[in-house]
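Sending over a structure as structure tokens; questions will come in a sec.
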Amino acid sequence: MDAFELLRLNLSSPMVLGFALGIVAALLKSDLRLPDAVHSALGTYLLLAIGLKGGAELAKVSPAEIALPALATLAAGICVPIACYAALRRFGRFSIVDAAAVAAHYGSVSIVTFTAASVFVEARGLASEGYLAALAAFLEVPGILVAIALARSARAGSSWSSSLHEVLTGKSNLLLLGGVVIGYLAGAHGVESVAPLFVAPFRGVLTLFLIDMGFLAASRLRDLRAVGPFLLGFALVAPLVNGFLGAALGSAAGLSPGGATVFATMLARASYIAAPVAVRLALPEANPALYLTSSLGLTFPFNLAVGIPLYHEFVCWIQA
Amino acid sequence: MDAFELLRLNLSSPMVLGFALGIVAALLKSDLRLPDAVHSALGTYLLLAIGLKGGAELAKVSPAEIALPALATLAAGICVPIACYAALRRFGRFSIVDAAAVAAHYGSVSIVTFTAASVFVEARGLASEGYLAALAAFLEVPGILVAIALARSARAGSSWSSSLHEVLTGKSNLLLLGGVVIGYLAGAHGVESVAPLFVAPFRGVLTLFLIDMGFLAASRLRDLRAVGPFLLGFALVAPLVNGFLGAALGSAAGLSPGGATVFATMLARASYIAAPVAVRLALPEANPALYLTSSLGLTFPFNLAVGIPLYHEFVCWIQA
Amino acid sequence: MDAFELLRLNLSSPMVLGFALGIVAALLKSDLRLPDAVHSALGTYLLLAIGLKGGAELAKVSPAEIALPALATLAAGICVPIACYAALRRFGRFSIVDAAAVAAHYGSVSIVTFTAASVFVEARGLASEGYLAALAAFLEVPGILVAIALARSARAGSSWSSSLHEVLTGKSNLLLLGGVVIGYLAGAHGVESVAPLFVAPFRGVLTLFLIDMGFLAASRLRDLRAVGPFLLGFALVAPLVNGFLGAALGSAAGLSPGGATVFATMLARASYIAAPVAVRLALPEANPALYLTSSLGLTFPFNLAVGIPLYHEFVCWIQA
Amino acid sequence: MSSSAGSRPEEALVTVELERVTIVAEAVLEARLLALLKAAGARGWTLGEVRGEGSRGVRAGEWQGNVKLETLVAPAVAERILRELAREYFPRFAVVAYTDRVRVVRGEKYV
Amino acid sequence: MSSSAGSRPEEALVTVELERVTIVAEAVLEARLLALLKAAGARGWTLGEVRGEGSRGVRAGEWQGNVKLETLVAPAVAERILRELAREYFPRFAVVAYTDRVRVVRGEKYV
Amino acid sequence: MSSSAGSRPEEALVTVELERVTIVAEAVLEARLLALLKAAGARGWTLGEVRGEGSRGVRAGEWQGNVKLETLVAPAVAERILRELAREYFPRFAVVAYTDRVRVVRGEKYV
């Protein structure tokens, strides 16, 4: 299957079309949005579902099997935000807090992008290592902390320990991690008993959620001018670089083609749920227009529409 | 199967019983209502689900196949509100705005009534043309516009173009149409991937939604006195006339017995989601007690309980 | 299967683990809670689903078959709150209103505990009499009324008839009863048509709901000091006594091992949805810290984690 | 205050000073409080769902949350509402009530 | 009012008196009312979803509910908003509007 | 103001004038603002979820929305709250704060 066919298939999936519907609605100024309470509940569902699945898979593998992928995740979790910060400071001439804030978003996990990659891989008939969801849960934390540490080391940020507490006990982190633990302890049999809610309708819920995300992403484009050409470029190049790195790292860690694609997307993503809240509180001087527009308005749609199939191509090329 | 058996089966379906539960709760002054956010989310679900299904079916048929039914839909979409307006003006001596407001409701689509007809037909083991849902999406628009044009031509209403924008970009229209486009582009295969959310639980969600609608319908009966005997009669006779017309028109357009029943119901309905909002803004001088009580309080329950099986009888009689 | 294995299986079910996740989140002061609207909608779902199933099963059995279990339910519904009241007054030296308020909670049904018992029994591969859900619906009412009557007889409470109306038309009662009636009238065939929503995802929804309940239960533990040692003991001993009684009574009424376990749990529970609202309005002088902490903070988790497997042991021992 | 608020911009806008009574109370009381308002002579009300904390601890959530009720009334009606509240609800329920003065457009219709 | 609100505690806190205009209206009007506020010169607004009852009966629910809109403005802007409301919306929609005075911290930025 | 609000209708209703401090701020600040209120001496608060627009653009939605916080306090406490807000939050967050006076039934318990 060539790259264009992959892209075509991706673009005609209900998920991506749903995202496009959300964008169209926002451009038409139509209020298609789900109520906040429902948006939040669907987010809860997705986090728990992905965690449950990851946890049940984690219970199946030996520590030896995941040692390398786990190490790769940790390394990426620390290096990606530092590299982003350096690029934004040196080449983009961003202020310390703005660079750290954007870096936190590109260093933290986007569970929806992750999920979209899993669904993409699955729809192509490829297997992927199920425990990756469990690793994603651990990737959530370091990215944000590293970025805040960078800002603080330059005396700009706020208290470390309160940020650590906020990230660790943040809703999205706790749901993902909680899901992993429940899935691990309940095992495949236990997860099966809740599969009619947490597994079968999963893609449908993701589609519904993406309609809403499309609306939010498009609303962010208002601020595009505030973002400037450098950050615009960064928002499209960073995922490519990170995705290529992820494809290589994941392959080196022994992941299957499907798994390496998911892993690559895991690194190529930009967070827009956990990171914005943590950054808003820890680095309030940072400009939200910069980090939200780049992560939610640019990188997220890019990954969803074009990035994921591309990272899969990277993996095929590397593993060939 | 004779008419009484059909009626009995219809009245003992979970959907209709759920609607009755909502009515009972309202009469007992019990607050059974779903929270607004959930009501709105279920509505979103129903519109998307019906659109997705319609779109996937639309992708299967040739333009030639749907040319006649589409033409019939368009004709009905324009004629029904004009006829209703004329009847209300001439025989009911309604004011221009009130006649136009009520006509808009009887000319616009009620997606829940439509859906109930599909489920009824399916439960009787009959096939129905799946693309009808796509046609329903196009029926949403003309009814409201025609009615507003009638009011405006008599200098009573508000701006045309803003009404057009409101109806076209209204949430319910965009969801239905968006669903059709996604279903069309994603095709049967794509829709299947989200079927565990959008197809399997559909009847259950409709049942839940109808409990809430029953409550709303019963709450409307408070205003029954304001409605007066003419409108009361109109609310029960109009669906019969429109349903008979729809049965004939649908049969003439070559629809199957199941499809013609759904088509008949499509014309016999009164809107209570899109129309009220559009009419409130475009014709604010119209009395909501009149149009809401007749459409939501009378015609909707009538169709649900008695109308749909009756229209099926019409179709059987015509196609026999 | 010995008692410890049963307990282990119960504690590693997704439901109980979900409940634990909610407790952990509350202790970490993390805001994991579902939005109110969603909590309320899931409650609606659970009540309707359990009612529908109970109603469909009720339609299958002869009046003779359920006469004894129904009688046992009624007797327990009247005696349990009286016994609790007496114990709290005499041994605990509670005031009249506080004793009545607590008694109302231990006399009214907790549909989530009931459901957890059904799921536990099912997961152990045992059948249970499906119509028990219908009986549970009738148990909701007497407990609260008896307790209010006790308080009133001592001139402390408020009007009888308004309490009766509030309990009968309360949301949770109407949904449960309404579900039973719909299930009964629609029959097994009708309920099957909505099973993909109301049956298959049931355990998953319960898990989601229990995460939220865990959070609420843990939040109640703040008030533990206000509760005092007597009530703390009561909250753990009362379910044991009532559960043993239920195991004996259910077995005497001819229920299967699975059914008797569910029946025992039905009596061992403490309400925390319907009762608190009714009691707050009818006995406002009663201290909510007492009845909420004991029922929601202590008895509910106890039943969920330890009680249900224990009652099953009781039943095995009695029926052996 | 005798002329009606006109469409001619040069006319002064007619407003009436009324008491705004605000009641924050536990949500389970909603129906009873609305009945109390009506009995005291209020012609309308506006209600929002809120959370809060006071002497009885934190109150949040569907049936443990609060409602915030506002009603625009004549001073005598305000007095009646507050007196009734103080007598019936203050001793036993979580309730806070206060009043201030606002200038209401077309205020005649609320008195 | 010439000194800025300082971090030194002994300085007086600078506040500005502004009109708070409160509008309770049917939810379908939201977009139009916000446009009206902007046109009249308001620099900001705050909106909550509420239920209510008045001369047009009970109003609750997604598209039948009300919104409560508050805006802090200079007296002249308040006058413009209320006049516009009275002309365009009072005759045909469920709307209530009133004003009172509040002391706003750093109020200069809203005028 | 020395007599208690009695059940005998002829007695005057006892009310106390207090400051009502209203804070509209981004929702992520909720926990911190509540801590600030407590530290400043407030005995209670009421919070509603709202949307809004100001100098920092539109704010709506779960984590991008606003909260509206109201607290009834003595004038000195109000001053402390506003001063603290102005120092800690005004420069870096979307916050609006203002006060007005209300007459509170049984107001003694809030001071």
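The letters A, B, C, D, E and F name the chains in turn, as written, and every chain counts its residues from 1.
Going forward, a contact is a pair of C-beta atoms (placed from the backbone, for glycine too) under 8 Å apart; a residue touches a chain by one contact, two chains touch by 3 or more.
The shown structure was predicted, so the numbers you read here are calculated from the model rather than taken from an experiment.
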item: Where chain A and chain F overlap in contact partners, by chain label; value: none
item: Same-site or different-site touching of chain D by its copy chain E, using the half cut; value: different
item: Chain A onto chain B, rotation angle from CA fit, given as a multiple of 5 degrees; value: 120
item: Chain pair, E-F or C-D, that carries the greater number of C-beta contacts; value: E-F
item: Chain whose Cα centroid lies at the greatest distance from that of chain B; value: F
item: Longest centre-to-centre distance from chain C, chain (CA-based); value: E
item: Whole-Å separation of chain centres (CA-atom averages), chain B against chain F; value: 47
item: Distance from chain F to chain C - Cα centre to Cα centre, in angstrom; value: 40
item: Chain D-chain F separation of Cα centroids, rounded to whole Å; value: 18
item: For chain C, residues contacting two or more additional chains; value: 35-38, 40, 201
item: Residues of chain F whose C-beta touches two or more other chains; value: 48, 100
item: In contact (per the touch rule at the top): chain pairs; value: A-B, A-C, A-F, B-C, B-E, C-D, D-E, D-F, E-F
item: Complex contacts: residues of chain D adjacent to chain E; value: 5, 7, 9, 13, 15, 18, 20, 34, 43-48, 72, 100-107, 109
item: For the chain D and chain F complex, residues of the former touching the latter; value: 22, 24, 48-55, 66, 68, 79, 82-83, 85-87, 90, 96-100
item: Footprint of chain D on chain C - complex, ascending; value: 36, 39-40, 216, 273, 276-277, 280-281, 284-285
item: Residue ranges of chain F touching chain A (in the complex, touch as defined); value: 26, 28-29, 32, 61-63, 65, 92-93
item: Parts of chain B lying in touch with chain C, wherever the complex brings them together; value: 12-14, 17-18, 21, 24-25, 28-32, 34-38, 123, 200-201, 203-205, 207-208, 211
